[in-house]
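The two complexes that follow have chain A in common; it is paired with chain B in the first and with chain C in the second.
Let's turn to the complex of A and B:
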């Protein structure tokens, strides 16, 4: 077992190195004076300076974040309400049908989503640009929000709702005081996922973006097609740091929530207390 | 009261109608339209009689299959070993983290790594093998696609193995099974559900990675995704593009059917 362990760790370290080499490679050459991704001739920060002065890229970066924040917000709202709808549709078949529709966009290849949305916008006569990208991002983020929120609803103690209603709470109060606080972790996870989906998306955006508007992915694609430019490397260093801190933050919030939950176990919830 | 609740979900139902059902219908409808906009079966006919389209679909299928096999061979042991480490959640997060890096940046990195004087060729040169042309070949497409898809296989497989009740493993060991025997008769069958979702998560996207074929494989690899993008955005032949889209959707459903959740696994019987 001990010998085995050593090989296991070695294997994991090799996979780790494989997964991180391209990222390290990008970051390393972002400091290259020579301007290529092959020979390192000397240390420089000029590519970062160029990045900071590239107003076009800055505007695109801000647009990308704007789309991500907005689309995640709207997708989370619609998705959460949808999950509540699915949860309350009592018939099993209806639930399965709704979930089936929900999952179509999750499993569809990006190209199909992009092409069919492009068809949709053209048929309806919607102008391609910021709003078509925003709508598409909302559309493909909704299903993941539903999948994040639904398990929380199913875990919820329904007696709480019955009790609230017995005590005379209105529907709105039940939603605000009981349901929403119970599913908040799911909603936050949904928002986070929707945000990363939006930031990461390339294929769908590429189809529906038209000429005037670009997100970072689309811009990187068109620059990469023209060849190596170390400004992209500098950009990837920045983006990696942002992604890294986001994920690290998310991890610690989750971890804190987990420990806090253990400390305040709900004593009224018999079912949960009994089952391991 | 129920009505009020239903009203809340209206935007969601609207979304299903407008962005799930309607676009698929449009795609289906468009596949029956010729270049002049008339109703025709020409696209479907061309697709099924043209050798170019059929070999392209087959090739696309083979590439996706190879990518899936490669990711599985790398990810399965990694997932298995991960479940045995201390701090497995943290380690998992570390291995999954590269997915949060923009896919185009990762692809772009390989333009440098695989280039004529890039890292891999410097290594090959150092070992006395001499530099090989790597970028813009089929191999490079496989390498980069595998690299990008590994985390999507790793995660479901890890979850499946992690969900296995430890007492099953202990019981097997107590009853005298060797470590290998325990693995092949207990852990492997119980982790197949994760492998199935991993295959789903890797195979279907692999059919449509058009940016990789453009940036890394030159134009040597043409997958269904590349062809669809080409027809929609370059040659503007939306009818043919939609026909291929429908083919892709059919393949997708076939893959999902083959990798569907089974009520009873082999070992639970």
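Let's turn to the complex of A and C:
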């Protein structure tokens, strides 16, 4: 057993080293005094200073976050309603069909989604820019939200809905008071996922950004093509730290919720307390 | 106080799912303030009756009247009927107070009224002081009480209970039986209780409706049903019983196991084939010569309260005896019983003709306390 454990942890360590080495390498050279990644000559923060002065990059960063926040919000709303719709479709076949259509969007390559959006926008005559990016981000985030919310709905005790109706709740009240509070964790997870997918996305965005609008991933790509500047390393480091703190924050919120729930479970809470 | 008010009535109600009939043309009435039990094995349609009354499904044929009004177009949230679910179906994201207050909040009552009513009902189910408790941390028995409180706080005309005790352990279940019965008598609300547990039904009900395959087979007080089962099915379902084939020689005389016996039933055709029921606890073990019947003991099982003894008579009929005295397998023993211990069932008799016949032929001794007196209060 012990031997087994050793191999397992060794495997884990190797995997994590493989995963994190490139990022660590990139972060390490963001502090390099020499302008290249060939040799480390000394510690400096000048790339970060340059980053702070780069207003174009700042605007793009803000735009990226704006798109991410908005698209995640709208995708979560639509996706949640969609999940409820799928859940309530009575027949099993319809349910599977709808879910199938949902999953196809998830597995189809971003390039195809991006290209098809580009086609659509040009055919309709929609101007490429902020709104085209926003719309496409909403579109590819919806399936993710559906996939995060649907299991929550299926876990829910259906008798609860019957009970609520039995107690006089209208359909709207059932949705507001029973269904939504019960699937909130799923909705939040969906929002977070949609947010990160939107920040992450390169391929789809690359197709549908017009002139004068870009997101960070597209910008980094075009700069990297022009030649390596360590400013990109600095930017990537900042992004990594933001992502890291988001994950850490999410973890701590969850942990806090769990301890609060445990605190509610009173150890003196026995049958004795009720029966006289 | 003598008015027997009809609160629920099912008129020729039939329910089909995909052409398969789960409820076959059922007609019955419930009076205000009584404890009714629907008893039957799973899949006999008893839960369907609850769902129909609560409005979760609608009947294929026939009508259901609640307080004299046809419920055809009344959605569940508008019916003065509340349900206690088998799995309680409490709202895990709310605490005890909010769970119980849910129905009142939906009715938009004022904050003070809600608070007053909720604490009153929590006191009623002996959960006062539990307002702020989360549902997840509660035991099965406590959840059960919350579920009952949540339904009762709405002051329903009829409370429907769908096997609410089946998830509790034996001790707690027995306690809750007493408590539910007491609660019902105190509040005077009509309870319609669904169970497959015959002991539960006998212990709690004013009236039991025994169901089988979508039909109500027999309706009556627990004593009536136990003492005068209409047929083999009811006799078998309600308690242990010895059922043997017999022949009615004339009124008050029946023959089975090769002998003739005095009995208290009549109204059959001479020489009619019948089923004879004797409950195991009505059989008394004696020495072989003194018994009305002789059996050879085959098995003996210690059950705690009594021994369960199974033996065979000379005619090949099996007899089960519940006795506090023990015997030994292989011994020949006698069985004694009184004429009123013999219950005769005609084969394929309808409930109406059964009731009529019982009315005319049963010996006065077998009549117990009159029904109806109990309503006052």
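FYI, the second predicted complex is superposed on the first by the 250 of 276 C-alpha atoms of A that agree within 3 Å, B and C clash if a C-alpha of one lies under 4 Å from a C-alpha of the other, contacts with A are read in each partner's own complex, and residues count from 1 in each chain.
The rule is short, and it goes like this: a residue touches a chain if its C-beta (ideal position, glycine included) is under 8 Å from a C-beta of that chain, and two chains touch if they have at least 3 such contacts.
The model shown is predicted, which means the values in this text are computed figures rather than measured ones.
Undergrad: A:182 contacts which: chain B (first), chain C (second), both, neither?
TA: second
Undergrad: Based on the superposed arrangement, let me know which partner A:173 touches: chain B (first), chain C (second), both, or neither?
TA: The second partner, chain C, only.
Undergrad: After superposition on the shared chain, which partner residues are touched by A:9: those of chain B (first), chain C (second), both, or neither?
TA: Touch partner of A:9: chain B, not chain C.
Undergrad: With both complexes overlaid on chain A, does A:164 touch chain B (first), chain C (second), both or neither?
TA: Second partner only.
Undergrad: Answer with first, second, both or neither: which of chain B and chain C does A:95 touch in the superposed model?
TA: Neither partner.
Undergrad: Could you tell me if A:84 is touching chain B, chain C, both of them or neither one (first, second, both, neither)?
TA: After superposing on A, A:84 lies in contact with chain B but is clear of chain C.
Undergrad: Which one hits more chain A residues, chain B or chain C?
TA: Ranking chain B and chain C by residues of chain A touched puts B first.
Undergrad: Along chain C, where are the residues that touch chain A in the complex?
TA: Within the complex, chain C contacts chain A at residues 54, 56, 75-78, 81-83, 85, 87, 89-93, 102-103, 106-107, 126-127, 133-134, 136-139, 141-142, 145, 150-151, 154, 172, 175.
Undergrad: Given the complex with chain A, which residues does chain B contribute to the contact?
TA: Per the stated touch rule, the residues are 1-2, 4-6, 8-9, 11-13, 15-16, 18-24, 26-27, 30, 74, 77-78, 81-82, 84-85, 90-91, 93-95, 97-98, 100-113, 115, 117-119, 122, 147, 150-151, 179, 200, 204-205, 207-208, 210-211, 214-215, 224-225, 228-229, 232-233, 238, 241-242, 245, 248-249, 252, 256.
Undergrad: Could you please specify the touching residues of chain A with respect to chain C in the complex?
TA: Touch residues, chain A against chain C: 157, 159-160, 162-170, 173, 177-178, 181-182, 261, 264-266, 269-271, 274-276.
Undergrad: Taking the complex as given, what residues does chain A use to touch chain B?
TA: Residues of chain A touching chain B: 1, 4-5, 8-9, 11-12, 15-16, 18-23, 25-26, 29, 37-39, 77-79, 81-82, 84-86, 88, 98, 101-102, 104-105, 107-120, 123, 139, 142, 146, 171, 175, 196, 199-200, 202-203, 206-207, 216-217, 220-221, 224-225, 228, 232, 235-236, 239-240, 243-244, 246-247, 251.
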